[in-house]
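Some structures to go through are shown next.
Below, chain A partners chain B and then partners chain C, in two separate complexes.
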Partner chain A sequence: MSTSHSISADNLCRWVDSLAGRFQVLGPVAAKRGQNVFAPIDNSAPLALDYCTTMLGPRFFIYPSVQRLCKIDRETNTYMAADPGPARTQLIFAIHPCDMHAISVLDRTFLGPNKDFYYAKRRQETYTVVLNCSRACDQGFCASMGTGPFLRLTEGFDVVMTALDGEYLLEAGSPRGQELIETAPGLQKTGRMRLYEKSRLEQQAAASFTKSLETEGLPELLMRTFEHPVYKEVADARCLGCSNCVLVCPTCFCYKMVDRVDFEAKIVERSRHWDACQDYWFAEVHDGNFRQPQQARLRQFMTHKLCTWVEQYGCFGCIGCGRCMTWCPTGIDITEMAKEIQRAPTRQLELG
Partner chain B sequence: MSDGKPRIGVFKYSCCAGCEFQLIFFQKHVLETLGKVEIVFCRMLQSGGVEEGPFDVALIEGTITEQWQIEQLRKIRSVTTYVIPIGSCAVCGGVPAIKNNEQEYTIQSRVYEDTSRLTSIRAHSVDQYVPVDGYIKGCPMGERDLAEFVTSLLLGKRPEFIQYPVCVECKLQHNICVLVAYHWPCMGPVTNAGCGALCPSHDRECYGCWGPMKNAHARALANRFAKMGLSEEDICRRFTEFGEPTVEWKPGQVRRWDVVQK
Partner chain C sequence: MGNGNGSDILEDNPLIPQLARVQKKITESADTISLRLVRADSRPLGYRPGQFNMLGLPGFKEAPFSFSSLEDYTGTFVHTIRAAGNVVSALCRLRQGDHVTFRGPFGTGWPLDKALGRNLILVAGGIGMAPLRPVVDYVRENRDSFRDVFLLYGAKTTDDLLYRRQLAQWNEEITVLLAADRVRGELPLPVQEGVVTKLLPRVHTALSETISFMCGPQVMIKFAAGALLLDGQSAGDIYVSLERRMECGVAQCGHCQIGAKFVCKDGPVFALADITRFQDTLL
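Showing the complex of A and B:
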């Protein structure tokens, strides 16, 4: 990382104002009844920089929940790409480290050997400015997953900011991020001392977590315990199969293709929607369903995040944001389930 | 399909006729389509018609609440290729089936002075009496599934009806979840999608008008409602307003459950 700079809070606002002239800035703002959401902003005024978390991570600016892919005219046999990418270059401002990690996890899926054209385009046309977290959020356990509270990535983002005594430390993660920083007003070079303070703050923030998960040996353990009764117990008692957990998870990549035909059956429009393995129909194939009981679907979600993802992509599929447990209507918590398996890996289902 | 045009019959049983209105309203999109099908029988659209079929498609609206309806339904089934219940009444009992929640006579005498000439039976969905080939859900039936059905018919493909819960559509719309965030008793997790999460998108909870989602876990949601402080009566009402006779929502009809246990 190149030299770091600091900027006053006022100048940070001016900087955002000027960025809004160049980019479609997307930042955390206050929504109804105390919620925060990521939304387009024209200037720094609506920014809620002290936000804790949002129901949906800002992944949807890069990987939209519903994305039109193409139109096919059946009569003339022509094909038209339907998502031209964002109208203006986007800039996600104040994205938290866990969510930045989540996007880098998604990159492994969509920018890997089977590169996804639509994702790649939006990813390229989106700048990311990370804001390190100075305190833990209620349900977060990013410190356990190695994805927070401060950013651990060395590439794949543009700028990272850290709030330090009323100022913001700015560090670049890419050449285009460096160029962004240089446009900031009232920029001051910072010395070693500031970086030392930053690491002290990081330790402080990391120590403020109440939620944790022991990840050492976890994938191997989960692989051995597919028949553990915890899946059935939790699914039978509480799991609605409603898929909220999957849909708020910032690393889930599954989608379903949806075709719509006009009434003259001439134009077919294909789009993709986020899909969810907790849905009953997700595993419905010709003549059957290979994950019929809810426990199998709950296990698929949890073990993909904490076990099979590692083999698939070389990292966990969970970045510890705590969203799935927060937005589950019945509060099902994959860390609690994992802990139960760690506590009693060989426990059997009690009958009767 | 003799001359290539699918022959369609539309039948109405006990309901508000909203679905048939929806069908007629739907014509605004589909004048071209209506030219491609032949409406053989539809009381609301045209008088006369051939009630006896045969039909390529029979759209059935309304709850089955009388003996003659069952008999007619069986006849329709025997002369029809695809029998499709439309709307919650036909699909899952809908509003008319609320009455199942009390003694038949109690309900009748609340409405009619003289009950001696009433011949109604317990309210049930169409698939309780005849096998069906798909459902167009909704109250009234949803445009998306109707469009999917009509275009599939014309293309000769199998229709892909929506089979996931309202929560999925709700999240695709980025709505803040009213159940989790505000503790409103939302039926979304156990209700079939298709409406585009209409109610949560307008800042209120889903009351389940699309009827049960396949494999819904009603008991888990009822327990959640109970923890939120809803009375057993209130919980029971939420699970009987639509889909009273369905196996999916039975476990949520808490009050009745208790009566059985006591």
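Showing the complex of A and C:
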């Protein structure tokens, strides 16, 4: 990382105002019922920089819930590719480190050997400005997952900001991020002392977590405890199969194809829509449904995030944001399920 | 970027289908057809036995189908299709000259190199014969490269057996053993009544020097693989072609996952040893 700068809170606002002229800026703003959401902003006024977390992570702007792929003319058999967008280069402002890590996790699915054109273009045309977290959020356990409270990535983002004594420390993560910083008004070069204070703040923030998960050996443990009774117990008692967990998860990548036919059955628009492994039909084929019981679908969600993802992509599929448990109508907590397996890995289902 | 006809997005994009024309339609049984397809520009696909295409029709989406022909580098390929479900029924209604879309080839295919110089047992149930057909063709073209080769093939009734005209011809080079739950009608080869696993006692060969490929309903795979394991074959030498729901074919849509494997990318052919530790099967 190159030299760091600091900027006053007022100048940060002016910087955002100027960025809004160049980009479609997406930032955290206050919404109804005390919630915060990422929304388009024209200036810095609506920004809620002290936000805790949002319901949906900013994956929405890079991997939208509906992505048009192409249009097909059934009469001439010709194809027209859909423009993946965005209409205007976007800049996501004040992403929390967990959500930035989530985007880098999604990159492994969509920018791997089978590079996805739609995701790649939106990712390229999206600037990311991260805001480090100075305190833990209620349901977050990013410190356990290695994705927070301060950003641990060294690439794949543009700027990282840290709030320090009323001003903001700005550090670049990419050449284009460096250029972005240089457009900020009232920049001041910072010395070694500021970076020392930053690391002290990081230690304080990391110590403020109440929720944690021991990840050492967890994938191996989950791999050999597929039959653990906790899946059936939690599924039978509480899981509604509603898919909320999947829809709010910032790393979930599954989709289904949808063909929409116009009224004259001439033009077919093919798109992909987010799909959820908690959906009853998700793994159904002509021969049958591979995950018919709710416990199998719940196990798929949890073991994918905390176990098989590691074998697939070399990282956890969980970034510790806590959204799945926050938005679960019955409060199912995968860290509690994992802890039960860690506590009693060989427990058998009691026959009653 | 990406405006107008968006040609930069159409090129080399695995999610954009290509066109093929139905060159020939063959009726295989009451509910099953084979389509010989030719790519619009006649370029060869370079596919291997056991790989698959996503076949589709605009408006009906797509479904995965294994190749049931051997690549001959003329840009043609055959898929055998049983009418079941929306897109498949629409494909079965196609006529010669009609167009169909495809994406592929995807997947890894049968490990034929592992079977070279060894015995080979092929176990097929119903439409599961389709992905094994190119293996039979390959073995017949390279018969000296393999030792004892058996095809154990079962279906619901004699009439449901596919490739009926070829079976006797195959039997001249490999041992073809047939089974049907209900035997009716005449075939040049004898058909044993019952399920395909009942044919296994008639296979006399050293299992330690044998590779098995199987494709068919889950229940067939369970009992056929179980019988071979009991007889002493290693789980690393038994390969199965799995059926899973697929929407993309390129390890993105997530539907086909079984444990850490993407069936579309890592399979659809797997060594039994690699998948038995996962639980999400139908049995």
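The rule is short, and it goes like this: the second predicted complex is superposed on the first by the 350 of 352 C-alpha atoms of A that agree within 3 Å, B and C clash if a C-alpha of one lies under 4 Å from a C-alpha of the other, contacts with A are read in each partner's own complex, and residues count from 1 in each chain.
We adopt the following convention: a contact is a pair of C-beta atoms (placed from the backbone, for glycine too) under 8 Å apart; a residue touches a chain by one contact, two chains touch by 3 or more.
Only a predicted model underlies this, so the values are computations on that prediction, with no experimental measurement involved.
By the document's definition of touching, of the two partners only chain C reaches A:277; chain B does not. Within the superposed three-chain model, A:207 lies out of touch with both chain B and chain C [touch as defined at top]. By the touch criterion stated above, A:288 is placed in contact with chain C alone, chain B being left untouched. Once chain A of one complex is fitted onto chain A of the other, the partner contacts of A:80 are limited to chain C, with no touch recorded for chain B. With both structures placed on the common chain, the touch criterion links A:308 to chain C but leaves chain B unconnected.
Once chain A of one complex is fitted onto chain A of the other, the partner contacts of A:226 are limited to chain C, with no touch recorded for chain B. Contacts of A:9 after superposition: neither chain B nor chain C is touched. The partner of chain A that touches more of its residues, comparing chain B with chain C, is C. Once the two complexes are overlaid on the shared chain, A:239 sits against chain B while remaining clear of chain C. In the superposed model, A:261 lies in contact with both chain B and chain C.
Touched by chain B in one complex and by chain C in the other are residues 261, 265 of chain A. Those residues of chain A that touch chain C in the shared complex are 69-70, 72, 74, 77, 79-84, 109-110, 112, 114, 116-118, 121, 223, 226-227, 253-259, 261, 265, 268, 270, 272, 275, 277, 282-291, 296, 299-300, 304, 307-309, 311-312. For chain C in complex with chain A, the residues that touch the partner chain are 1-3, 5-7, 9-10, 13-17, 19, 58-62, 84-85, 99, 101, 217-218, 243-245, 247-248, 250-255, 257-260, 262, 265, 277-282. Chain B contributes residues 29-30, 32-33, 147, 150-151, 154-155, 163-165, 167-168, 171-174, 176-177, 179-182, 186, 188-190, 203, 213-217, 220-221, 223-224 to its touches with chain A in the complex. Considering their complex, residues 31-33, 35, 37, 55-56, 60, 65-66, 237-244, 247-248, 260-265, 273-274, 276, 279-281, 294, 326-330 of chain A touch chain B.
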